[in-house]
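Two complexes come next, and they have one chain in common, chain A, joined by chain B in the first and chain C in the second.
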Partner chain A sequence: MHKFKSIDLSSIKGNKISAAIGLLVALCVLVSLAVTFLGARVAEPIYAGPGVTRTAMLSDYFDGIAGTAGDTEIYIFEGEKPGASLLVLGGTHPNEPSGLLTAVLFIENAVVTEGTLYVIPRTNSSAFTCTDPQEAEPMQYTIDTPGGARSFRFGSRATNPVNQWPDPDIYLHSSSGQLLSGSETRNINRTYPGRPDGSFTEKVSYAVTELIRQENITITVDLHEAAPEYPTINALVAHERAMSLASSAVFGMQLQGMPISLEPSPTNLHGLTHRELGDYTDTLAVLMETANPAQGRLRGRTDEALVLTGQDPLYVKAGQYGRLYVPFGDSGHPISERVARHTAGVLELLAAAGEAGQGNIEVSGVPGYAEIISQGIGAYLLPPE
Partner chain B sequence: MQLGFWVLIAMLGTFLVANMLFKLPVSISMVLGAIVGAVVGGKGFPLRHLFEGSFVYLDTMLIILTATLFMRVIEKSGAMDALGATIVHRFHKAPATLLILVMLIIMFPGMITGSSAAAVLSVGAIVAQIFQLIGIPDNKSGAILAIGAILGMAAPPVSIPAMLIAGGVDMPYIGFAVPLLCMTIPCAIFTVLFLGYRHCKGMDYEKIHDKLDLETAQKYGIRLYAPIGIVLVLMALTRAFPSVIPNLGMPLIFVIGTVCGVFVGKRFDFLETARQSIADTVPVCAKLVGVGMFIQILTLTGARGTIVVGCLGLGVVLLYVCCVTVLPVFGAISSFGASSVFGVPFLLAMLSGNQIVTASALALLASMGDLMPPTALAGNYAAQIVKQKYSDVFRACLVPAAVCLAVGLLFLIFSKNLGFLV
Partner chain C sequence: MLYVYLAIVLCVVVFIFWSLFTEKKLFAQIDALLVLIPLLLRLLLIK
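After this line comes the complex of A and B, so read on.
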């Protein structure tokens, strides 16, 4: 019988030439990848639509972030008639793309005749400039519009470590004393209400809080996505002062055929918009979640197709095992459906504001749930310039 | 059969062939496994993903680099011999108390940093010296050290695996202290007494007295221990008063201890010591780079999801079996990764019990992954400190590790009844 012998490659010794070759290869890899990674710092264009009356920067409300990667654009729609105001926070977590796309949809389509609408498409703009090691996510995804394809960055859940590093072993939420794992220190939705002398991320959340205080914003809605195995999904989470408003919006969404639940903001979970913005400002704070398999732990191949189609055979299987909190069939949860849900949610909140006596905000030009589902999100984005 | 399954087989097969047949280092074998996995998964040669994956453990690598240098410096300064001798001199009449005290010393850095590697690297050499003096065989010393460090990592107040699992379901890290202590402290006492007591219960102090280096401590006095004291105090202070003392980070704390260690004891060649410690550390860091790439490709190709969904498809009994097998085995790649990738879905699959007790038990089970080769962060460093092969240390760990897993399993099964601990 032939005896199997191992071949000891570890005995091969290096020398100066092999070291030089190794270094050269490493240098070439670094240069080529540097171009790729630095490309993520170039923001995708967002085109101001007919209703945008002016733009501002977040640093206008807290100059501690001026000139940093945390500063970001605010698109403002001022109606001719005064009324209530609503702030849309997109891109809190750039690995949850429907938040950004819904914000872009409003920016490029909405017209306001009464009240004021504020839209921040990239709330944590730093987190758009990197992806998370270990998650293998795509760096961008493309949406086809009638006038050509538009690319958007798929970023990280947390601030780029280039802007805030190193993480502590544990993260102490300053105003509540809550302890979380150290990596959450760069998650902007764990840092509210923020601190003017805090970390990079805390300064950005402080700027958002200041915007709400200084503009006396009536309603704030933060757009998110969640993994299908996460219990808070297809849900609207509301601060206790916003429950009446949120229940009207949920009712309106259910009438349109969308399964959605209303959940109270937990009083013992701190740093999130629906808790802290409600506690530290006068705004009515709500947060919306849709189902995105691309960020789940059960996902299969991680790529642009998964982000856009939301289809994943592993999630179908997990659904059959009863492990998910949202129905998951072969058609998955495509990006257009997720954006449509968010859009409908914001429109229902706008409608509910008037009914609840918060003051009117009249918005037109934004497609509804059924239109976005049937035409696709691309149909409502402006063509690339 | 899912493509992810075949990718997993290709990656593991390539790793084993490269490591065992071609005798390539674990690090290179992991990289080759990742490359083959990407090709089989239809992703070609994904340079960006391989590069990005190499950053998963950047912070851990910095801790290991600086902690190893710190350990070498206190060893050369004479502090290690002196402290070991002093502890044995004081407690030799009560060996069980001595062993339990030493176990708590091992656990302490892990309890306040949440890192088993930091625990092994900061106090490991001192403790190994004590065990050697009182007659515990080196492989068992390594085992006590490794398991103590892991239990320290799982124990409160800072249990990062528990924090990761809690964070994954938006559960505040509140109420975990008692369940975690109820699991880790009994396991720690059992481990140190099981492995160590029989060797030191009849300790003949007269015989070992001559081996004790009590002169160095007398010559340099209390200042000899200043580097160890500074490191432990800084770890504790930054944790106790986080709003007053800025987060220094473990690497900087170890660097401060190292600088102090150069001046307080015996003279030695610092540059040579630094060169040696870097040479010791590079293979471990390379292994972590390889592991990071491996995980990234597992995720990219869907192999990771295939494993997780495969486990979740099992019935209740098999799900428990998965918890005590898959969590520690995947912990071989990363215990933090296991907590996040498996711990969160497992917790969601067991919501009928007490969630905090369940998450605590899952955190303990995931932490045991730091014992599993190839990475075995705690295990490998413990073996290196006691100058033994890791396989020998691992063998000595088997019974205590099995007990830890059994305790974790019992807490999982009876989490509902143990809700009063929260």
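After this line comes the complex of A and C, so read on.
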């Protein structure tokens, strides 16, 4: 028999010298963490492609966000021939990478000859500067392009608490009186139409609403990803005034072999783009969802590979049990497929834009669904400078 | 409201510093340092 002598760790003595040494170590840890966290505030470059005629800032439409982390770039493509206009909102939720990447794909490739295209790649730019607590998500992911690898920030669903803190216990949506859990106060897709004198996030959503009003934007499309077990998925959600336009787009996507459904925007769910932008502006508001297992509760290890490949054996199993709202095989739902779906959806909306009666939008240079899937998204991104 | 919360954080940070330098047990000092890091990151509005 061995006899262990137990050591009572709590009895080890400390003094002012050990406190000072410990403090020095803690400060070193603090500095290294600060470098990482502050580094996350530097946005990766997006390169304006041949079709970008000018860029603007969101604060040009509401100066209440000028100089804050909520201000963000707008890339504008003006055709020589006047026509309708379409606004792409990428990065509403920066933990849903295909929204940002689809916006980047348009910025770096699209050429507009008729009408106007507006693209905001980072709608909630503050939310790109942090990740969600307790989700163990990667801080960035890398896409290989022919000219070298490019990294992009994987962000949070909500505004960085550094920019808006504390959260209330209950979030009261100002224009409807709807009550939601407190953390939704930082979710920009719950704060539309926004308020000029509201919270940080409400001001950013107000700026987007003002952009749509001042530029009289015909169509607005908001790009998202959702968990495979979430019912609203592989879907185009449309405001009632946008139903006819959206059904044309859905039909076009189905003809290309994409499973996608058309869903009406619920009238009692407030703060979302497809509800409030449709109610408070003249735009035809739609939102697109594609499936990403990295969003889901059933996922395994959450790393860069999961974000990019969209493959997860636990989701394959869940699919076999019939618990998912999308087909889920071993090949998963890779980022190129998710971007291809969003790109195809935006292209279908652009093609159907004439239905709104404000003229057409003619866009070229953007790869289609089959091209993006076969070549991969990286093939269509500009090389890093 | 932000400044009220920052004032609360500052208050807690001051108490932790006081406890760190008066504490006689090493492990209690380490506990204090572990708590200090996230509080300072928020106080400085870094994280």
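Simple rule for what comes next: the second predicted complex is superposed on the first by the 368 of 385 C-alpha atoms of A that agree within 3 Å, B and C clash if a C-alpha of one lies under 4 Å from a C-alpha of the other, contacts with A are read in each partner's own complex, and residues count from 1 in each chain.
Note that a residue touches a chain if its C-beta (ideal position, glycine included) is under 8 Å from a C-beta of that chain, and two chains touch if they have at least 3 such contacts.
Quick caveat: nothing in here was measured; it's all calculated off a predicted structure.
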item: First (chain B), second (chain C), both or neither touched by A:T232; value: first
item: Of chain B and chain C, the chain that contacts the larger number of chain A residues; value: B
item: First (chain B), second (chain C), both or neither touched by A:A66; value: neither
item: Contacts of A:L38 with chain B and chain C, given as first, second, both or neither; value: second
item: Contacts of A:S18 with chain B and chain C, given as first, second, both or neither; value: second
item: Touching partner for A:Y321 - first (chain B), second (chain C), both, neither; value: first
item: Partner chain(s) touched by A:P166 [first = chain B, second = chain C, both, neither]; value: both
item: Contacts of A:C28 with chain B and chain C, given as first, second, both or neither; value: neither
item: First, second, both or neither for A:N268, with chain B first and chain C second; value: first
item: Shared chain A contacts, counted only where both chain B and chain C touch the same residue; value: 9-11, 29, 33, 37, 166
item: In the complex, chain C residues that touch chain A; value: 1-2, 5, 20-21, 23-30, 33, 36-37, 40-42, 44-47
item: Chain B partner contacts - residues on chain A that touch it in the complex; value: 6-11, 29, 32-33, 36-37, 131, 133-136, 139, 166-170, 172, 174, 178-182, 184, 229-232, 266, 268-270, 296-303, 312-314, 317-318, 321, 323
item: Residues of chain B that touch chain A when the two form their complex; value: 2-4, 20-25, 41, 47-49, 51-56, 59, 62, 113-115, 158, 160, 163-164, 167-174, 239, 242-243, 247, 249-251, 292, 295-297, 299-302, 304-306, 308-309, 312-313, 337, 340-342, 344-345, 348-349
item: For the chain A and chain C complex, residues of the former touching the latter; value: 9-16, 18-19, 22-23, 25-26, 29-30, 33-34, 37-38, 130, 162, 165-166
